[in-house]
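Each in structure tokens, the structures are laid out below.
In the two complexes below, subunit A is the common chain; its partner is subunit B in one and subunit C in the other.
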Partner chain A sequence: MSQQILPYAILESARQVGFDVETMLQPDTPKFFLNFNRITAVKEVPGLILAGRELENGVMADVIVTRGTKIKRPIHLCFGVVPEDGVQEVVPRFIIEDEAEALILAHCSFPRARNLTHRMEAQVMLGRDALFFYEERHYHGPYSGAHVYPTFEVDVGPGSRFETVFSLTHGTVGDLVIFLDVYAHEGAKVEAVAKVYGRSEKDRVRIRDGVFLEGRDASGVIRLRAAATGGGDVLMMGITEANAPGARGHVDCKEIVQGAHSTARAIPIVRVTDDRARVTHEAAVGRVSQKELDTLMARGLTEQEAVDMIVKGML
Partner chain B sequence: MLRLKKVTIVPANSSEVIVNDVSFTVREREIHALVGPNGSGKSSVAYAIMGLSGYHPRQGHIYFRDQDITDLSVTERARLGLTLAWQEPVRFEGITIGEYIKAGIHDGDGQRVQEALALVGLAPDQYATRKADASLSGGERKRVELAAVVAMRPWLMILDEPDSGLDIIVYDELHEMLARIRRETGTAILLITHREETGDMADAATLLWKGQVLKSGNFAEVMQAYCQAIGRRERCRSKYCPMPS
Partner chain C sequence: MDIRYRYKGMPRFKILQPWYEHTSWEPWDEERVSWLLVNRNRRLIVQALAYGPLTLDELRERLRISLTPHLADRDGLSYNVSPEVLVNHLQAMEHHGLIHRQGGGYVLNLPVLTLADQEKLRLLSDELGRGLAERLRQAGTKSEWLDPLLEQVTTTALQMLDETGDWETYRRWAEEYDADAYRTWAEARKR
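And then the complex of A and B:
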């Protein structure tokens, strides 16, 4: 039954990144699953509309939470590709109407990628006083062969709250380029978190998160966490603009760089055009402290195991 | 169990001999106190025994359970059953206490996390899921460090000033804790301390003075030598002090 919904390799990777696969597969769990370009499972619940159209290389999909609907259970999305190469394109639209609430757990899995491209162009719209939590956990397999290019354009309505977490901390990265633009209106709150671990010279990470505080008293936090080891290359840029009275923003970048030829760069950019607004930032890039390594090695871990544990903790 | 033979240490970032020609032995199941004033080389000896980078002996050898471990890595020494609890343990962002303790348990027995926490007086259900980060007090972090080394079930644990920076009320608890660890695990302990109350638990002791061994013997004898070396004639509070006050 579960094999028909999603291949074993994708379910296994979901388990590996911490999802509760049994819950994902339960018949009454709200869900939208895509295996390459085939929609394999759709489960709506009252107030949740899931509509998808298969394309040659992927899917267009609408996820709509209707006005006033508060969905208590997480909605599971899965976009997976098992073959080693190919191109998958996903064009989702998330509409969270006025006073609606939803939590989405999305898994993007390319467990055997050697020369595989995944593109996503997501639009997210929150109405007034809505609440939307979107978490995306990726798994790109062991070969650094995935090329993953997601973009998100998010509009957060007055009084609404949008939180997003992107994580790629298991397996390799390959080539990852993320663009996130969030526009926050009056009283809206935004938190954007990205966590990525590039562990080989074939792993290249570019993340550009932007939060634009356009409405009075809007607030936003960007937290970027990354590690580059074994020659990995990470560049994370967090942009916050405050363009309205009372707007408050913060950008926090923290990266670990370890090993020869590894590179980590953190660029916080803040721009304020209203003298009643305020944006702060902090950035730190450095190697794992020797004492932390020694402590874990004195417990019997190898140096690489110790670095992994410390990085995963930080992420 | 552990034998240092004519060990001389010149730390990597220094040209100064910190420890010179030091020899002593820690026996099985023994609590062995390593005492001496600040700067006498106690922690350097501990780091050299553990194999930390920058503390490799320039001369001499370190033997552990009849094996020369002088050139082994920290990891290899730990896997032989030797470990160290730092005087000021680091804090780990994002790592739970349970995960931290479990890192040292290589046969996968998760129950030992609970047992180790209980042994050091921390309620397992409250602490196993807490983060081993800056939210812990100094005393809590030291207990967690003790739990982590106990959970490894090592042959020998080096405790670098487990009593430093603790509230005076906690001393009795620490002594009870060490007594319990010794009773319930049988692990040998190399105990670095400045405090007589802590050293009183020791079966044997070594006094380091300016990087050299000044005296080895039972704790009372060593403390008498310590008092004489200091030459303090007034306000010496050591009950072992042979000097007239």
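And then the complex of A and C:
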């Protein structure tokens, strides 16, 4: 049955990045699965609207959690492409209405990508006093052949909370350019986390997360974690802008750089246009601690294995 | 109405990003694009003022952010920008020369290319292009001269316009907005 819903290669990569595939595939699990440009599974639950339309190269979709609905089980989204090349475009809108709650686990899998482009333009809006957790895990295969360009524009309504985690820590990266803008309204809370591991000279990462505190007492935290090894090139920029009284924000960038020609750059930017607001930042880029390396190598790991373990620990 | 940002590569998509460029390695460029245009709400203010001056109350009315479903038959959500935040944005934009106050309203200093302007521009450029192509054919221009020749023609045209009238050839659209260059231009206008 699982073969009919999604190809084995995509399910296997979901397992590899830590998802519980059996749960994903259960008939009563809320889900929206896309295999290239074919919607292969949709399961709604009371209060959850999932509407999709197949496009030539992908899909447009609505994910709506209706007013007051609290969905306890994670909603699984999967956007996969098995062929080595092509273009996939995904245009979703997420609307989490007043006092609604939802957790989305999204899996983007391109396990054989050699010259494959994936673009996403996501728009998200939370109503009042809503709670939305969105986690996206990617797998781009072993060839550094994926070109992945997602953009997100998010509005977090008064008193609502939005948390997002992006991770790409297994396999190669290829080209990755992420553009996230979050606008926090009055009393809203935002946490944006990105974790990426670039392993080869073909891996290029550009992540630009922006949190704009546009309402009284809004707060936001950006955490960017990355590693560049084997010639990988990572640039992460976290922008927090406080434009309202009582707004509080923090940007935290940590990156590891290891090996010749690897480059890691971190740019935290903080801006405040209201003298009753406060934003802080911290950034650190450096190689793996030699002491930690020696300790792991003394226990039988090669240098590469030891670096891998330390990086994964940070991510 | 539209602001033409440097946004390439995804004509299907609708979100306007000021400098999201897939084909280069740098999707942002703080040196070239002012931080003032990073924030969507300030971009919306620029859009709202593109057709003329607006008062604070009028701006508050126009700055409504909404999201409706693509497909589902259901109302979406919407918000107005908070008044105190709007005032902060306007103060920052005024301080950095993007707008100025006039009477009871705010006026944009930055020229904005609207979709209507864009169509007029297309007709004009078609006409100019056809004429230029015909002249180049008649003159038997060598193909390797073409790039430097076009650059030279453009420079000459801009110089002649500057010399012969009140043309502001350094005028930029939002897509080419450059904070330093704009400030220089704004200062020159003040003088």
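A few remarks follow.
In this text, the second predicted complex is superposed on the first by the 315 of 315 C-alpha atoms of A that agree within 3 Å, B and C clash if a C-alpha of one lies under 4 Å from a C-alpha of the other, contacts with A are read in each partner's own complex, and residues count from 1 in each chain.
The working rule: a contact is a pair of C-beta atoms (placed from the backbone, for glycine too) under 8 Å apart; a residue touches a chain by one contact, two chains touch by 3 or more.
This one's a predicted model, so the numbers in the text were calculated from it and none came from an experiment.
Overlay on subunit A: subunit B and subunit C fit together in the combined arrangement.
Residue contacts after overlaying the shared chain place A:R93 against subunit C, while subunit B stays out of touching range. Between subunit B and subunit C, more residues of subunit A are touched by C. When the shared chain is aligned, subunit B comes close enough to touch A:Q290, but subunit C does not. In the superposition on chain A, A:L301 makes contact with subunit B only, while subunit C stays out of contact range. In the superposition on chain A, contact of A:I64 is made with subunit C only, not with subunit B.
Centred on subunit A, the angle reaching out to subunit B and subunit C in the chain A superposition, using CA centres, is 130 degrees in steps of 10. When both complexes are overlaid on chain A, the residue A:K312 reaches subunit B alone and has no touch with subunit C.
The gap separating subunit B from subunit C in the superposed three-chain model is 30 Å, by closest C-alpha atoms. Shared interface residues of subunit A (contacting subunit B in one complex, subunit C in the other): none. Only residues 49, 51-53, 60-62, 64, 66, 89, 91, 93, 95, 97, 119, 121, 123-127, 147, 149, 151, 153, 155, 157, 177, 179, 181, 183, 185-186, 204, 206, 208, 210, 212, 214-216, 235, 237, 239, 241, 243-245, 269, 271, 273-274 of subunit A touch subunit C when the two sit together in their complex.
Residue ranges on subunit A touching subunit B, taken from their complex, read 289-292, 294-303, 309-310, 312-315. Across the complex, subunit C meets subunit A through its residues 9-10, 12-15, 17, 20, 22, 25-28, 30, 35, 38-41, 65-67, 69-72, 74, 76-77, 79, 81-82, 84-85, 88-89, 91-92.
Those residues of subunit B lying in contact with subunit A across their complex are 50, 52-53, 73-75, 77-79, 83-84, 86, 89-90, 92-95, 99, 103-104, 106, 148, 152.
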